[in-house]
Structure formats: structure tokens, C-alpha cells
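In what comes next, chain A is part of two complexes: it sits with chain B in the first one and with chain C in the second one.
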Partner chain A sequence: MSVERRETPWIRAKPQTRFRGGEGLEATLLVVPGVALMLLFIVWPTLNAFWLSFHRENLLGTSREWVGLANYAEMFRDPAFWRSVGATFVFAAIVAPVQLVLGLVAALMVARPFPGVNLFRTLFFLTTAVPTAVAAVAWGWFLHPVGGTLNRALEAIGLSRQPWLTSPELALPALAVVTAWAGVGFTAILLTAGLQQIPEELYEAARIDGAGSWTQFWRITLPLLSPTLFLVALLILLSSLTAFGQIHLLTRGGPMESTTVWIYRVYQDAFFNFRFYYASAQAVALFLVLLLLAALQFRFFGRRVHYG
Partner chain B sequence: MVSLPRWLARPLFYLGLAVYAFLLVLPLLNLFAASFKSDGELFAPGFWPANPTLEPYQEALQKYPLARYLLNSLVVALGTTLGVLLLSATLGYALARIPFTGQGLLFGFVVAMLLIPGEVTFLPLYLLVQQLGWLNSYTALIVPFMASPLGIFLLRQFIKSLPQDLFDAARIDGAGHLRMLWHVALPLAAPALGALAALTFLGSWNMYLWPLVTINRSEMMTAQIAVAQVQNVEVTSWNVVAATAILVLFPTLVAFLLAQRFFVRGIALGGLKG
Partner chain C sequence: MKRVILLLALALGSLSLAQQRVTIDFWHSMGGVLGEATEALVKDFNASQNRITVRSQFVGSYDDGLNKLRAALQAGGQGRPNVIQVYDIGARFMADSGAVLPLEDLARANNFDLSQFVAQPRNYYSVDGKLYGLAFNSSNPILYFNAQALEQAGIPYRNTWSLADLEAAARKLTIKDASGKTTRFGLTIPIDSWFMEQFSYNSGQFFCNNENGRRARATEVTFNNPAAVAFLDTWARLVREGVAANTGRNWADSQSLFAQGNAAIAIYSTASLTGVLRQVGNRFPLRTAFYPYLNERNGTAIGGAAVYLIRGFGEEQTQASWEFIRYLLRPETQAKWIIGTGYFPVVRGVTELPNVRQAYVRQPNYTTALRQLETSKVNTASAGCLMGGFTEIRQIVQSAIEEALRGKPAQQALDEAKQRADQVLARYNASVRQ
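For the complex of A and B:
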């Protein structure tokens, strides 16, 4: 951060004074509160998560004892844990493509201006404003076995009603669709911003060369949008791996634990099965998976952003 | 592929838009419709109520202190947003404009914090908040989230990108860092602050797992948890559940409609562009 202007050399000296007098006090005032809060509420809990996972409560639940890696050893042998891991990845594997495609279709339609574009942007981005609990309730009613509009519509066209949220086979995919729907607005916003970065001249040149809209999509839009798409896909994946509210509200992890995903297992073990430290070990394992994905996103993100 | 003639392409485009928009908002319309249905009509065929009634709203408001829950959510979301804006602006400014020893290190630290998935540290965070005696308080829902690495990062990037001349001019006029932050950096950073405020407010308003575990006193519940509770009690009265959900949706919906343009523009500015 150098001052370029040669005609005022006395300014140049200023940035080199480090924490002197009033400037030091001001800097301290600006830096310390934020750093202190980050240390207390991000760094400390993260370190403590690992520490806790090496412990176990005694039989009375009055104190804890060091057990080393015992929680992790148990975790690797625990079929319930592996079922929750499986459910989590099935869930994410449905949410990510569904949300990405729904969001991309919306973004493609409203990225360029046309008469009435603002109305459709509002409608397509609307789910951004819908809290998880409201989205869950809306779908709970929409998929209701008796009064639900979806089952009524199915019946009207001669198909049979489905127990969307109460069958062990359908509940997880149904929740994944609810989750993807709730995220469509935000995905569409990000992809719209990405599409607007593609220079209009490229499309004009392609049209002059006689390229149709199909060719333009595959040869211009998709390649130039792919970095954004990749980033958004990772964001969706990260958030779907910790989806909780809609599951808690609609299925409570059931039926037959079919929707007990990783984070839900952690919540249940910690607050209902009185196995706080075992839950901590499972949380740490999830933490490491998410960290890996975040690092991947960051490596990618880092190449595209100036830190200067 | 043969391209369609223009007179046909235009109406087809609008038809596609309308159908897609309709399908996307259908679950919400369905909820809205249910919230005006009487108990007798709820399970009868027909999308819209034949005799719209406000009974579900009256029942929801009589049986549950929804105003209190909404107020709780509002206090928490506003408190968190103000805290995040304040700390992101101050730390972001210091990282961008005040040279001091260890600045690079501190920025590296903030970037590293960006990577930490916060959802998963909720167990140790719970123990910490419990030890601090913050369970069942606004403090538990606000203070742990006030220092946002994302916010600090965004504002540092934004303030760094502002022209140096402006700060030089202020410095010549005798302004210290606090005045430069307040009078130069913040007014110019308004778009970034607006986008950060919108994201933070929505994020806080949407919190589910954290208030679920830290709040168990009824009067401190947030609107999200209240929706879950109402749905849990009113197992068959989906009209009352729907009315509750619509009331909880209303504030964010209004905020979204007011801030939408700002929001979209701000995100493009936030560095997430492709």
C-alpha cells in the first residue's frame, strides 16, 4: 500500500509509522473487538470440538474421562453412523443437480433484460426470502397424503397417491426436492450475476456467424459460466451436507431413520441419546469432510479473486 | 435446430416464463390458500377456498404469542446484522487502510476462518454459551455470530479497492482513521454494506438448529422454532399451521421485495462473479 503521489512526500512517511500515538490507539480499537470475538466463538469451539471428541461421559453423566480415539473406533464400527453418512450423500447427490438445473433454467430466462424482466426475476428469486421452516411447512402441506395438492393432481390424472414423507423410500428424495426448491432463488441470483458477466458481443458475433440459440448455449454460455457453475455447485453441496431444519420439521429423521442424515445423528446423539462426546466425534468427522470441500472451493475461488 | 419465427418465439418465451414461475411459487400459493380455509373446507377438493375466512389467523394469534416470536426474531436478526456490519467495517478498514505489524498474518487468519464450517462446531459452542450462562437469551443468538469472516473479507476487499486519493485528502484535512472510516469508507461502501446486511439478516432470521438447542423457554423462542412447534401441536389443523407460516414469511418477504434490486447488484459486487 504505497502512496504514489510524489508532490506530497510527507504523506509517504505516514503509512510507515506503526502504532504510534493516536494512530495506534485507533488501530487497536478497530482490530481488537473483532479478533477477540473470532478467537472466542470460532477458534476456541473448533479446537474444543477435537478435544471433546477424545472424551466420554461416565455412567452417571457427572464428569468426563479421557478415552483417546475410542469414540472414533466406535464410530467406524457403528452401522447407524454409516447409514447416516449414506443418507447424507444420497441427499446431497439429489439436491445439488436438481437445485443447479432449476436455478440455471431460471437464470437463463432472466439474465438479459426484456419487458417484464423485473417481475420474473422477483418470482424466480423469491425463495431466497422464504425461511426454512416456512418452506418445510409449505411442502408438508403440498405433499400431504390426503389434502396435498400433489396427490390430488396425481389422482386427477389417474395415478395413485404417494406417501411422500412417510415412506422410507420416498422421504429422503422428497426432502431433497424441498431443499433444492428452497435454494433455487439464491442459486438463480448467483447464476444470473454470472451470466451477466458474459460479454454481449460474443453472442452478437456468434449470431452473425449464423449460430442458433442452442449452439450459443453450448459454445458460449456454458463454457464461460462453468467457473461460476462449479463454485455454485460446491456451495450447494456444502449447505446440503448440513441441512437440518426441514428434516427436523418434516420427518424428525424418520420413517425408520431413513432421513437421519449426519448432522441429524449428531443432534440426536448429543441432545436425546445423552452421548454428547460421541456426537462430538461424529461432528468432527463431518467437519473434516466440509473443510475438505471448503478448501477445494477456496483454491478455486482464490485463483479468481485479487487479494492485492 | 430450426429457430422459431419471431412472432411465435416471443409468446412462447413468455408462456415458458409464466409456467416456470407458477410451478416455483405453487407450494407457497398452496400454503397461502390453505391459510384462508375453514376447518371444514381444508380437506375438501379445490385449490382456493370457496369461502375465505380469517379464522386460521385468529386461532393462530390467540393460541400462540406470535407477535412475541416475531419480535424475538427481529431483535436477533437486527442485532446480529448491526454487529456484523460494525465489526466487518472496523476490521475490514483496519486490514485495508492501516498498515501495522502482522497485518498480513491477520488477513490470512480471517481468510482461514472463512473455511471453517460453523454449523458443525455447534456442540462446543453450546457448551461455551452454557458456561457463559447465555442459554435462553438474545445474547446466545447474537454475540457468537457478530464477527463474520465473510463480512470482514468482503469489506476489506471493497475498502481496499477505493481510490487512495480520497483518503489522502481526508488525511490532509486532519482526519484520523475513525473519521476516515466513518466519513470516507463507509458511505462509499454502501452497496457492499447493503448486500452484507441483507445476507446477514436473512441468515440470522433463518437460523434453526442453533435456537432449537439454546432456547427452551417459550417466550424467548424465535419465529422459526415457533413454526415447528405450532406444526407439532396442530397435527391436523394445517390451516392454522399455514396461517402461522404466512405470518412468519411476511416480514422477510416484504424486506426481500424492498431490497431485491440492491441485493442482486450487491452480490455481483461481492466478488462472486464468474
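For the complex of A and C:
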């Protein structure tokens, strides 16, 4: 019993129940709408993208011809594509650790009840509850190159203002921080849930043995939180590889294409440059990379995590 | 009893009347204040007669609208609109798409006198000598001045500025503190390809070959022309010297700087005027002036968007769409539209209407765009560049501007950008032939 409770709910063992009698039909009926929606809005468009990526279209997309792997060949030769791939991984490499560490700090702060804990939980979650568009506009003011709050603060303490979103060096890291900030609340919630799964007795025992809070963190909290941490890291990585709204609203891929990440390149080629077939090839490639990353993570990191 | 029968007859009558009404779909991309003004026009049209109902729909940005149109045409035309608003640079695409019923054909069939159109909007939306779209919302780029700063610096206001004059004024208007840090910029320009395009036109140069694609289909860009290079070179130099502010691609970031009095001169569209006036409030008096030029002022091209009629509807629907267009072209409608938005009229005789005159007297800054249009030379340079793939090419130009602002020589940045843009154009032209 206690072992089962310690497992995080999303990495549960295979379901053991079997349908009996009339439950089968009922279950099918319940599942059909969800599956139908998934087929319609996820599976079909994905297959369609695959199919389209082997074609070339005329201006309006009203006629297309089969070109095999030509779009992929063009993609591999396209320096703009490789720049976007590079930008994507730099972006993810900043977002993931920042968001994970901030999320963990926030979670540790609010995991145990104390007076006013709910206020802090709400505050942390607010970053996630704020719609991307609203957050992006607010960050836009905050990071304004001349009159922004951040630059005014820098000037007030005698430092010089920085072109946060208008220089190719700073724009991508700045967007990564904005992205990490927006995800802190969600990360903190997942990690709080993970922290609450750790039995209090372990800490009690550790305290009796004379372990300090630092030792408790390294010997109990971190190992027992590792399945959750692993899952959260994976979620952050995947979501940062597909971050779009804040980029679209704050920099539109600029300056000098420094924030044109993979997914933004796909968007521009499809909906701006009307090259759906070429965008599809890039989207398929991104899809395969995401798939591969998810598989790799489960394969190699999945074993090392502590399941308690 | 009699009354009941009468009511019944009335109800039936109105029912059959409603059935006779032809419904046409109009897709537009006007949000906010402009959206309200557009909806008001549609509502007025629907109320002005009882045969046609225009069903208007805001379809998001211009790009969103084009994407929806593409999707509808790909689905065999299912759900396509009768009338759609498409941005200026979509002119070549719309003509090439084969999906548009040229406005000129309809106008001729209905004996509408084409000479009623103001020259520039007509030139801009003419492809291969034929007018395709009706300029709906037309704008120009203009200079915005903080008149108070101008006065304090002892610079007299003028309505025409060469680039050299503008540079001198910007330098004079810049204020730096003891440490050399700029506390008020002389100039702010949002990073937008449009300003490079317009500077080319206003200096009598072309942005793409074959005289802006007006003599024949454009096959190469020419945005590395001497005027564009000089403009970018000056712009970049001023940014590096702390005279001009670099606020990125977002117009709002530049506008807030100007409105707060932290930049004395700005370059925006005439369509920004209402918003900027509101932001400035009582902080300082605002003056507008004509767009700058290199050596001699030629004239700017119009920007904005046009409405197009989509092909393939029955006679009844097509005629109904024409009626709607005809309504939009009436001087009274145009007057209402331009007073509500700050755009300028596309048919002659609108500015003489009393309510338009009054509006211009109340806020003379609105007349700048109009006078700029009236005093522009009418030629292939001021007709504006007509080419496909323009959205993508603008992105390339914007990257080139950003490179130049960071120190790459303007000529080199634009030469390199031309290589990329020419590929885009070649690919577009190939897709038309396909």
C-alpha cells in the first residue's frame, strides 16, 4: 500500500483492471469523443504534414506535385534552417535549467504548510495563469530598450542600459528567461506534488540520526523527487522547443533572426512565405527530434531515477 | 380578425423580402478603432437598401486573412468570401493567384468612370496595366516632430526635409548628459522595411527592377540603390552615435519613446497619427511633415490595403459585391471613413466636402498625408514596387537594417540581403508559372 502511494501518479504501472460485462460498451462510448478529437486535430494534421512535405505546391496551394525528398534536401542545405536549429537548442539550454531551479526553489518554499502558504502558492502559480500574450506585453514594457523598468533600474544604480530585446546577443537569452518565468508556476506545482509524496517519516528518521537540512535535501528530497524532476525536465525541454507566443509578440524572430527558433521558422515559412510544403518538412523534422528526445530521455535517464 | 390577417400578411411580406436579399461575405483585417469604423460602414450599407446584406468578418491580421483565403480556395472555394481586404504588398500575389475579379473589368461593365480615382492608389493596385483592387485604407509614411523641442533648439518648422537636413536637425535636438549618455534622442525610426522602400520611391529610385515591376514582372530587387544605401547609412551612423534610438521592430516601443518626449523626431505612418496624438496628450505640441528624400523629392507610394472581389460567384452575388464597392466609393462614404480613421480618400472630390474640410481644420496634422499625396509626382517610382514574396523579402531587409545598425556597412548589408531576396523572388516567380 505505502509503496503504491509513493509512486507518482503519472508513472503508474500498467492498469490491471479488465472490463466486465456491459462496461466495455460504456467505456468505448466514453472514449470515442476523445479519440475522435485526437484523430481529427492531432493525428490527421500530423499525417498530413508528412504527406505535404513530399510535395511542392503552386501559389495558392490548389495543385501540388510529388517531389520526394527534395524539400528535405533543401532544408539540409538551407543555412537559415540550421541557424534556427542552433537558436532553438541555445534557447532550450537556457530555459530548462533556469525554470527547473526556480521551480524547485519555489516548490521547496511552499511544500510544507506555514501561515500564508496559500498566498505564496497562488503568487507562484500566477506566472502560469497569466496568458502568454498579457505576460509578453508586460515583459515588453519591462524590457523596453530606453524607458523600460529594468533599464531605469540599471541606470539608477549607475549601470548602463541594455538592449534586451533589440540586440542579437541578448534577445534570445532574454526570451528564454521570460519563458522560464512563465513556466515557474507550473513547474512548482508539479514539484510540490512530488515533494508531498515523500513520506514525512524519512525526514523524522533523518533528524533523529542528526542530519541537517542540507543533508536531508541531498539524501532524501532530491533522490525521492528524481522521478518528478525527470518528468518535469522533459516537459520543460519539450515545451521550450515549441515556445512560440512570447517570441511572436516580443521579437517576431528578430533582431537579425537571432530569435527565429525552429518552430518560428516553420510558422514564417508556412503562414508568411506561403511555403507550406517546405514548412511541413521542417515541422516533420522537429517532430522527429522531439520524438527522439522523449525516447532517449526515457531510455537512459528513466532507469536511473529513484522510484522509492 | 382583420388586424391578425394584416399582421400575417406583413410578416409574410417581410419574410419574402428577407429571402430576396442577397448575402455576401466581406473579410477584413481592421481591428480596434479601425475595425469599428469598418463595421459602421457595413452597417450603414446594409441599412441603406433592402436587397443586399453584407456579412463582415474580422479575420485577424492580413496574413491570417490570406491564409484563410488560401485554405478556402484549396477546399474548392468552399466558404471563400465575396470581398476580401488584403495588404498593399499582396497586390502581385492577388493578381497572380487568378482568384480575383479585376475591379477594372467590373467598373467598365458598369460604366463607372475610372478617372474618378486618385492617381496613386490606382497606380499602386494596377497590375500589368489593369486595376485589380480598390484601395480601401491608404496611408503614407510621414515625419513626426516634437514642436516644442524644435522651437527650443531654434529649428524652424518646415514641411519638406532632405535627409541631410533631417540629420542636422536630429543632431541638434539630441541631448546628452555629462557622461555622454543620451537623455533625449534626436530621432527614432522603428526597424521596418517600409521606410527603406518609401525612401527609395521618394528619392525617385526603385525597390525592384523593371521600374518597380511596373513595366514588366520584377525579377530582381534593387533595394541596394544609392538612396536606400544613403538612408540606411545615415540611420546606422546616427544610432551608433547615440543620436537616433534603436527600439527594434516594434513600432509601439518607438512611439512610447517619442510620446514621452524622449525622442524629438520620429518616422511613422499617417495611420499612426490618431494613436500617437492620444499618447502624446498635452505633453507637447505635435507637428507632422513630408517624408524625407535624398536629393530631390519625388513622392511616396501608398501603403495600407485594398479590397478585392473574388471570382467564381454567380451574377447576382457579383453584382451585389459591386454594389457594395460602389457604396464604398461614394464621396460621402469616403468622407465618413477618412474622418473616422485618418486614412486618405481614393476618389476625387472628397476633400471639398464641408465635413472633411472642418475635420482638417480641427486637426491640420491630418492634412500632411493628403498634401504629400497631392504633391507627389506620379511615376513608376511613386507607384511602389510590385513583386511577389514581398513579406519574406521585407524580413530580409529588416535583418539587413539590423546588421547595419550594429556596424556592418550599409552597402554591404544591402548587397548581401539582395542575394537572398533575389532567390525568394525567383522561387515565387517559378511558383506562378507552375
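Please note the rule applied: the second predicted complex is superposed on the first by the 250 of 308 C-alpha atoms of A that agree within 3 Å, B and C clash if a C-alpha of one lies under 4 Å from a C-alpha of the other, contacts with A are read in each partner's own complex, and residues count from 1 in each chain.
The definition used in the following text is that a residue touches a chain if its C-beta (ideal position, glycine included) is under 8 Å from a C-beta of that chain, and two chains touch if they have at least 3 such contacts.
What you see is a predicted model, and the numbers here were worked out from it, not measured in a lab.
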Chain B versus chain C as contact partner of A:101, first or second or both or neither: neither
Which superposed partner A:192 touches (first chain B, second chain C, both, neither): first
Contacts of A:144 with chain B and chain C, given as first, second, both or neither: both
Comparing the two partners chain B and chain C, which touches a greater set of residues in chain A: B
Which of chain B and chain C A:73 touches, first, second, both or neither: neither
Partner chain(s) touched by A:160 [first = chain B, second = chain C, both, neither]: second
Which of chain B and chain C A:26 touches, first, second, both or neither: first
Chain B versus chain C as contact partner of A:254, first or second or both or neither: second
A:222 touches, of chain B and chain C: first, second, both or neither? neither
Contacts of A:271 with chain B and chain C, given as first, second, both or neither: both
Shared contact residues on chain A - chain B and chain C: 140, 144, 146-147, 271
Chain C-facing residues of chain A, complex: 56-63, 65, 140, 144-147, 160, 163, 165-168, 250-257, 268, 271-274
Chain A - residues contacting chain B, complex: 1, 3-5, 8, 11, 14-16, 18-19, 22-23, 26-27, 29-31, 33-35, 37-38, 40-46, 48-49, 52, 102, 105-106, 109, 114, 116, 120-135, 137-142, 144, 146-147, 149, 152, 181, 184, 189-190, 192-198, 212-214, 224-225, 227-228, 231, 238, 242, 244-245, 248-249, 263, 266-267, 270-271, 276, 279-280, 283-284, 286-287, 290-291, 294-295, 298, 305-308
Residue ranges of chain C touching chain A (in the complex, touch as defined): 63-64, 66-67, 70, 73-74, 93, 96-99, 181, 185, 191, 245-250, 252-253, 256-257, 260, 262, 388-389, 391-392, 395, 398-399, 402-403, 406, 424, 428, 431-432, 434
Residue ranges of chain B in contact with chain A within the complex: 1, 3, 13-14, 16-17, 20-21, 24-28, 30-31, 34, 42-43, 45, 47, 87-88, 90-91, 93-94, 97-101, 106-107, 109-111, 113-125, 127-128, 143-147, 149, 152, 157, 160, 164-165, 168, 171-172, 176-178, 181, 202, 205-206, 208-209, 212-213, 223-225, 227-228, 231, 238, 241-242, 244-246, 248-249, 252-253, 255-257, 260, 263-264, 267-268, 271-274
